[in-house]
């Protein structure tokens, strides 16, 4: 029963957590909106809005695979990520102008790629590469989790349109952040909360409720075993809701 | 009377130019839509749609100027441009991953910057840099001209919000492409037309109808004096219409 | 009681896990050897051997701080990581020759830096930067965790030698990998095990037994709540042992 | 009749333009000297001097074509450009040391390449690439136009020496700058004039008098329809003279 | 008789050179220790210690050759070099982070490669590349000569293990520095001496006593014909001793 | 008496060396021509022709010094080198386009810089940097030595024009190559000889006949003590002749 430990009133999280600056309950998601077919050129395209965070996720395909897969009959799914310069509060330097991607960018796009590959049957893809691009139009915290959530929908749409002989999509995958801010456990942190968080965790789970990735970091302070469990349980309940919205968006795209 | 030569039935352009593949008349623009405040973080932000071409133009400011202007009391306006990887028909390689911007990108962003600076009073800006970012979400020809057209609106909105003592905006600036395709002079080429063009010209003009930049290229074949005049006249009539829509968009942003 | 769930015979991990290819029990560390003062030039220097994995960890200092900390009175701890080309089974391309660090390298050095900063009081450091370099001389799995483990010892030695007025080291920090291989939960995976792992988790903990970082990845398959708990409990018991050896090594360095 | 509008005494350009700082009439070229076979290793080599501006133009060939032309039977002509560090008034940083070519350099070399390709029959070249290198030994304005003018001569010499079955050179191509300086229309601006120009235009034309490229920029102020026509007419008369000198130089090279 | 001129009491070097700061005679080597099989993954691996200077030399092989040798049946030996950031007195910036190798690094690795190739029969290697990596763990002067000396031992071990049909190793090669410091001719300069040297020379010789490379530099002052001869004679006597130790180390590796 | 050993008929070099492919005697230089003031913008400029090898050497100055000299009152002399793409027999890739300078280029420009600094009194320069650029217009062997020879003349001219209070030029410096080709000792190798050389040595000497740099390399085979002496003696006689021509060129520049 996900979330159980945290809901049972253990000493932590604090029983009477105050409302958040935007009025949300501690375990409430921001409004999530997934707009399929936001652009036409890619095979799949989704605008994923998580509160004020907006990410354009596109999926293009190519009839070849990277060298290390040539001759194996397996396909490949890979992801790239960027913050548009004007997406952040203060302008972010354009990585193409700087001549290299930051460590943060590389780390995020590796995470997105791994998360999607966890639910793809690469054999069923055949000799194809699917390029997933997540470009953040507006950033207000949680851009990596919104990228994964939106990218999966764009990927599902794209794979349907490929009309493969065998289903290549094993499950759905979604992601959310959780954190500890001033002693409270909070779900889906926005930028203002994230900047004050003592613990910041990103959780990626399948539609069936299993973990693909847990990344919990305490740059200030540390966290203990009970907190680890409470954080992941809280994330699990959030992802269950995200999964429903992802499925709905895929359904909408199918009808158009 | 702009356009006169071209309308007077000289041997060229051909009198009975066939309708275009999308049903437009030779001298008709695609539907132009300028959506102000598409995102919130920048000082000014506009989504500029020219037919299927969609460009997000944002303007951020910084309270400093580049080294070559330090101590002069003048401000600076500079622009950067990119094609998002999923914006094009076939995916474009991400320049940040490749480690450098292409010659085409640099050429376009230099053009955007020069065009905007032509209508800005840099002294009135004071010790400020305005960063203009044009990121193409969907590309269907004319991305550089849509970038200039949209960027000017975002810039006008941003400058109003700075509430400077002196007006820093001298005029408006807009841009359009013209070309010769299979012997016909066409205004506002989409990608399909552009790929077949013998002559391709980008024209940037002020709201008052003067040229800021004319760039006419014939990679296949050449063009003569009459064609040069007809092409620029046709562009001038298109930009007059664009100017009206730019002013309307600035007015809308003011009311919100 | 760390490790409890896992030891209590829940259905998973399997009760009768077979011995490992090197004869270790599932929850046994490889021999850990920390050789202080392996080189003389840096303020602190340690060769950290975890089985066949050997990492040279050095700490140098500089009397300045990065721009974002100037004027705050706080110091900085930052880390860099590399695999020497000859350290791996098949030669790894030299990143300096290639002209950039890989995403994997950047991700690892960011992790090392965060882990160390979690136990350092940056105010007590004053206007100093401590550069931690982890260069892998021989790689046999677990290079990032051996780096953290060894780097903390080198850092502790270096900080003692700085003879600061205030103690800058709040706690120790150590790291270990855990994973699921062929259904068995294993502690401290070597390269052969790591290559076959379904789940791969790196855990960073303080000497007091709290988490600094948990990174659990399932590129093949997924893992559930019970497994998450069992994995982190198993890691906790390993890190407790590592902590003892780290303290011993710091003591040795003090005596010389 | 090229130049007509401008010569007919319209209100602009001013009738009584003062002589220029070097004593030239407004529509006079600087002394143009084209020295064929300045170096021996390339297939074609020319030193092109336009007043104090000196550009070494060389053409080398390679028996292969870029990937996008493989299998088409077409050849390729491409150009590269640089300012030698000591060529300018104040030393220019070496781009090879800086690690990248500037936007200005890329823009110019793209222009040179396009201009030359406009007069080459790529089919007649067959599976060959011609590399055109324009290296500026001394810069005093007009380096891009002197590059095009000289490069065409080097190209013509090189193509003759290839002794192709079919003539690959369709026409000649030459270039010149025109501009508006303090209200006067001037041909072939030197650096001192260029630095003060309100409008700066580079015009590339074939020997037959058609446009290949017109690039007119007003970074300060704007220009109108009459000025556009006058500028291009003036350039046309200058290029007619350049064409004669180019043909003479090719003839000389033939005799040696 | 190498060293003769220098020992015969010519006016220079000075007859009564004072002992060196570490008590060595002017023509004495530092203690040289070559530890074979310092790491296991490469085909050959040696830790070469020359006084406080420590270099890890590894040799890996690859069953292919660079493009310029394809189809010739010849193999290739190439070398790379780096200073680990913590190896120097003051930390050296990591070249992989900086994005390029310094001129000094490239110069040294080219020297190492040339020196080794001088004693290798590349035909006997067949279609193989041997990658030699010299990574300096601790730097106290003479890192390039210690690299060559150690690399040859690692190469000899590696080539033996390849069990080629034909012997690919024609001779041994070793290297040493000599210099003029405050008027004295010194062999095997450490960092403190090197920093004060007027003339600095690196000499590479075969086991048979012939020169492979002489690089003598006078950044301060100059040197004359007699000094050139005395310097190279002194180096020759040092290399003779180094050769004996190299052969011993290869013998040790063979026995294990 | 430089060259004595070699002329005295020792067993090597061979007594009856055949004439060279261009008719030169073994110890003859190619025709050396130094044209001062080849370009006007730099403070000093020289075209140095050594047979078919042509190098443009320019010297520019800047009123500042690199960081490591700030506050010392010393000036700096630094050099950069390039092969123009069209200078070589087969076109060389442009390093600015490739994004980095080759190891060979860096090695050569470091050598040029060191050689010039050996004869400059950096204190007399004051807070100035002199940038020496050597750009090879045509390459036929010996480009590095022609660069040093020409660069010194350009430097001498530039320093005279600075009219410093104290003379900053201590001596002249010139360079030449020597080598062993098919058993013959040859002076001033051209490309055809260089490609076949067993030993290749570059020697840099002052006008007074002392060595600044000796770099002798045997990539094929080795050389012995007698050959080392013969090679450097032969180089010394060549440089004596070069010195006379350098002085003459400086005198010519003074008169204009």
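Just so it is clear, A, B, C, D, E and F label the chains in written order, and each chain counts residues from 1 on its own.
By definition in this document, a residue touches a chain if its C-beta (ideal position, glycine included) is under 8 Å from a C-beta of that chain, and two chains touch if they have at least 3 such contacts.
Treat the numbers as computed from the prediction; the structure is a model and nothing was measured.
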| item | value |
| --- | --- |
| Chain whose Cα centroid lies at the greatest distance from that of subunit F | A |
| Centroid-based (C-alpha) most distant chain relative to subunit D | C |
| Whole-Å gap separating subunit E and subunit F, where each centre is the average of the chain's CA atoms | 27 |
| Geometric centre distance via CA averages, subunit D-subunit C, whole Å | 61 |
| Chain centre separation (subunit B, subunit F; CA means) in Å | 53 |
| Multi-chain contact sites of subunit E, meaning residues that touch two or more partners | 99-100 |
| Chain contact topology (line, ring, star, complete or other) | ring |
| Ring walk, subunit C to subunit E and onward | C, E, F, D, B, A |
| Subunit A residues within the subunit C interface of the complex | 2, 100, 103-104, 106-107, 109-110, 114, 117-118, 205-206, 208-225, 227-229, 232-233, 236 |
| Interface residues, subunit F side, partner subunit D - complex | 38-42, 45, 52, 54, 56, 58-60, 62, 80, 82, 84-91, 94-101, 105, 131, 133, 135, 137-139 |
